[in-house]
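In the two assemblies presented below, chain A is common to both, partnered first by chain B and then by chain C.
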Partner chain A sequence: MGKPRILWVEDSARFELANLLGPIYACNKYELMLAEDATAAQRYLDSVSFDAVIMDIRIPPGRDRQWAKKYERAGSDKASAQLGLAILFWLFQGNGKPRPDWVRPEKFAVFSVEEKYEIGPSLRELGIFVFEEKRPGLRDTVLLELIEKVLRNGHGNGHIQGK
Partner chain B sequence: MTKKATARTNFDPREPNAKQNCSIMSTELDLHPLLRNLDPSYLPIGLYAVTPEGCFVFCNEHARRLLHLPEQGPLTQKIGDFYAQPEDRARVLTHVLQAEAEGSYAQKQILHFKVSGRDLYVQNNCRSLRDPRTNDIIGFTGSLVDITEEHEHSFVNKTLHQRVADLTTDIGRVLHANSSTLVMVHQALDTALGALGPNPFNHEGLPSGEEIDEALQRQAQELTQAVAKLFEATNLNQRKEALPEVVWEELEERTALLRDFVDRIPVQESRANALRVVARRILEICERVPAQKLPKELRKEVQRAAASLERLTARISALNARAAVIQMDYTIRSLREFIITDVRRAEKQQRVRLQQLLDAAHKQLTEFAECSRVKIRFAQTLPETSIFGIERDLVRALANLLHNSIKYTWHRDRGQAPWVTVRTSRQNGVLAIAFENWGVPISPEEIQNNLIFKLGYRGQWSKDRGRLGTGIGLTDSLDVAQKHGGTVKVESRPSRPRSSVTPESEDYFQQPFITIVTMFLPEALE
Partner chain C sequence: MSIPLDAVTTIFIFLIGLPALLLQSLAPELRKIIRQYRWQLISFTILPLFLAGILVAAGIELSHLGEQEKSQPDFSASLLSKIVKYDGQLLWIFILTSLVLISGILAVVLSEQWRRDAIIRKLRKRAAKGIARDGRPIEEELKGLIQLGRHSDLGRNKDLVLQALAELASATQTCKRYDGQQLEVLIKGLQDVLILGPLHLGSLENFHTTADLLAEIVIPAARARHSEDLKLAVQAISVLARTCLNFSNSFLPMKYLEALELLHAGEHTAATWMSQALFEIGSEAIANEQTLVAMAALSKLDGLAQRRPRLAGELAHDYLSLAAHFWKHGETGQRYAMRMLEGIAPAFTLDLPEALQAAQAHCAQTAKFATSDYLLEMLQGLREAEPAG
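Showing the complex of A and B:
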């Protein structure tokens, strides 16, 4: 059985939040993948199964026209477009394809600057209950702890092979 | 109507004799009874006449509707009954009489009425009616126009304006305080960097990814060698006496990561922090070893190497933070200047030398350029050229463009420091100040649709490699240029166009672009 496969959707992963990856790589327990925009996130979610997905809400669209249009319609502003939420709704509620078996709300968590009251109703609608707000003073192990929490909730026992 | 009246239905007041024709018309024609005996009720404005005490003598249909009075018949109400503050009537009449004493009439007074419990704001034009023989006041007459909606909007607008002005001042103060905080943070980081020992990089700026990996590899190798020496110098039993087997297994795993961290950690920007965690863990393991259980010198060597690696990773983290602070410092100062433009004291336009403006802009960005390790080259400068304008705004506008070109410059191959070129020239009698850089692209659609000039908009590729920004710089620069009679133009194209790579290609925007942002300004001639 391989290491649990984790997807972090975050456009600041290599910059302001790069320190959060340190403990994850240092512990060497997870296979971590990074998506820095909505296009990359969709491609991963469409083709790979994950044991845990940590999602940022304010992400840029990337090259895909579908996400670029949503972004432009919302005023080309990450905060209003909330493409992270759009991806979650796309994944859970309708993209014309049957939902993959591995996609269950307990395998998802949101890690974003929004306060809970802002996106709480949407997350409840999706059945996602693990949420961490980005704020100053967070330890650099916060991402690692979030992943471990999701894995406990999802009873992740390693990814489904071969999707 | 008579024949003459029919002809006059083609009446055009623009005709030269129209007025004269009008008066001829009124005496000659057999007018419609409605015109001959024009009833003020038809007028689309409230009209009234009251006694000096305020009793209604006349109130047309419009005024009756306004005041919720009976549509017809005599009125028993007084106009004073409608004032929200009854004592206001005396003040209004005083104003009416004062205006008349000065030879005019009271116009456009705003009266606050209460009609059936609701607020009504009316615009009142009023004059007194006097006995022609005695000149005694026999009443007052006037017009009423309902302006309740406009009044409420105006009140809301005034409140909003005041709020915006207050907020702008507050934001200016907050941003000023933030700038001070950034100064403090910058100094603290400089202090921390000083305490971390000698700088392993041969410059003071932000090291590149390759430089960081090289430095990390050197230190990681020292540590792995120190750990390997410890293993070689001890046997299994000695090690078990010092620490549990599982800890030694962990130490081997950590060492393996140190050896292969480039392959195992694909995200270059997180390698330093990952190795910091490893170094710290190895130090913790060493501290757990009881005295005398392992060769002291070898254990100390491991600790020294782990501490060196930890210090290096701390330095890298501090350098990254300092670079972000320097970038944010200019952004916040520029944002503050932009926000308080409308509330600060107006400054006079004056003749300013172009070189003076460029020097001031350059000075603001020297540290940022040094930290980013981007050189600024001034080419083709125009000596003794001047611009007429507000120096503070012009400096900010030029600094914004220079800041962008530094920020969006990519680093080239090893050994060749990147640069930004600033060129000044005359084009069609206008001064052109061009900022050219090599690096982040701007898409043709964003330029053609003027998106890049939209307040708050950041280019599609502007977040490349974590570049911070507010989306205000270009907007502000264009605004300043236009206020000075100029403009800003942007071009962005691949630095080495290839026929195989078209705008539709996946990697079209992954190649470096040459971007030229030019500010055009009228020259101040002698």
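Showing the complex of A and C:
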């Protein structure tokens, strides 16, 4: 019951918010949630189940100490922290809890400035095959199209997970 | 043997004056907190003076003793003769060095203890003592922390208080005794730290931290039955989101909207609170020309409505009321509202015109006159748009 739930993890969304989100709200087919850092992403992924998750790779850590430490360890080149990727590994492999039923690789896509060769091996390891590189001049509907592509791959309705 | 009275007096004046000097250099809000802890203030003033006094007294005593014993035959072999050697100069150099050391230590200790983050940490720790004992932070200390936050400069200073409140909230909610009723003062305090009537007292960063904090409060609060904290947190989200509509940045109110998504909205009361907050944020966003935020609010309201088997009561009223605000927002707004209504109309328990009339009556009763008028206009507009016959 209800519209498909989508999580978009993206820290620079504030600059392109209207362009990318406008088409999604206008079509009114999806329930979209935004997370702008690793802490917020973890919070949502822990509490809510999603039909599609669109993940950026370069995201800041947020308030959580675990992510903040990881970010600090990256040194001066913060982009190399790749916290988006770390979140995915945390979700799929290593958070000490059984993986939620809804978490399947086909429900995930990566939308990031990284080039495919940089993160390709990691994504293959996770089984994530939908990838869109962020580059200047992308269509405003790129996020919407990405969501639709992921939803075609994975099926099912989202709901709030009972704790 | 001469006593260096000038040097001793200077150091004593320094010791007396240092706490007063440092206290005066602090921000007024910190001074107020420090003055509340009188014993600490007294001990910082008296203790170093007392210690210095003992040292000087010991010096005088030894000097006099040296004068008296000087004539004794075995004096030159005694320890005292070594202490008061060179006419007592070594002794007084040692004492003066010790006094300077005491002054230095006092200066370091005071500037450490009276640093803003140290005071906040102390207040937090004191407030947290109540969590183990009563399951909630000690109210007096918590209010002190909130007052400090309220009067602190926006930006980093306020953020330090907000971080401390976040830690207290987290500690309270992880306590086994937490049942959703313990954070009233803290949640209301968050609003006090950031807003004063319609004015905002916080920076973008402060509002950002608070949105995170409220999102973290909402998850455990929603797990508790009949959670007053959840209701207060939703109200705080609504108030703060509307306040930060004054910033040109639309990401911030969106962040507050996202915090609402963490409610277990399956519960009827929580869904009602959430829908009210979404209406409040959405309608004010339209008035502030932040249309994207308003669209996000209506989209979330739509998501909430779609998860219900039938749409009635407050949720239906809020949905229609927010749609009516779009209706009043020009031609495109009307089209958007129409499109949303077409999608949701079958879910209403009443026919759309009846549902609109019920929402209009509800708004008239609850003093939302402007919204009530918008609903009437939308009803009229929809009737006119219907094909004749």
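Note that the second predicted complex is superposed on the first by the 149 of 163 C-alpha atoms of A that agree within 3 Å, B and C clash if a C-alpha of one lies under 4 Å from a C-alpha of the other, contacts with A are read in each partner's own complex, and residues count from 1 in each chain.
Assume contacts are C-beta pairs under 8 Å (C-beta built on N, C-alpha and C of every residue); 3 or more make two chains touch, one makes a residue touch a chain.
If you're wondering where the values come from, they're calculated on a predicted model, not measured in any experiment.
Clash or fit: chain B and chain C on chain A?
clash
Looking at the overlay, does A:Glu114 come into contact with chain B only (first), chain C only (second), both, or neither?
After superposing on A, A:Glu114 lies clear of both chain B and chain C.
Of the two partners chain B and chain C, which one touches more residues belonging to chain A?
Counting contacted residues of chain A, the larger count belongs to C.
Scan A:Asp56 for contacts with chain B and chain C and give back first, second, both or neither.
neither
Let me test your reading of the model: by the given contact rule, A:Val48 touches which partner, first (chain B), second (chain C), both or neither?
A:Val48 contacts chain C only, not chain B.
Of the two partner chains, chain B (first) and chain C (second), which one does A:Ala35 touch, if any: first, second, both, or neither?
The second partner, chain C, only.
Touching A:Asp77 in the superposition: chain B (first), chain C (second), both, neither?
first
Taking the superposition as given, does A:Gly2 touch the first partner, chain B, the second, chain C, both, or neither?
second
Would you sort A:Tyr25 into first (chain B), second (chain C), both or neither based on which partner it touches?
both
So in the superposed three-chain picture, is A:Glu10 touching just chain B, just chain C, both, or none of them (first/second/both/neither)?
So A:Glu10 meets neither chain B nor chain C here.
Need the overlap of the two footprints on chain A, from chain B and from chain C, as residue ranges.
13-14, 18, 21-22, 24-26, 28, 34, 63
Spell out the part of chain A that touches chain B in their complex, as residue ranges.
11-16, 18-28, 34, 60, 63, 76-77, 140
Give every residue of chain B touching chain A within the complex, in rising order.
253-254, 257, 264-278, 281, 317, 320, 324, 451, 454, 456-457, 460, 463, 465-466, 506
Help me check something: in the complex, which residues belonging to chain C touch chain A?
Spelled out, the residues of chain C in touch with chain A are 166, 209, 212, 215-216, 219, 223, 249-251, 254-255, 258, 261-262, 264-266, 292, 295-296, 298-300, 302-303, 306-307, 309, 336, 339-340, 343.
Which bits of chain A are touching chain C when the two form their complex?
1-3, 5, 13-14, 17-18, 21-22, 24-26, 28, 31-36, 39-40, 43-44, 47-48, 62-63, 159-160, 162-163
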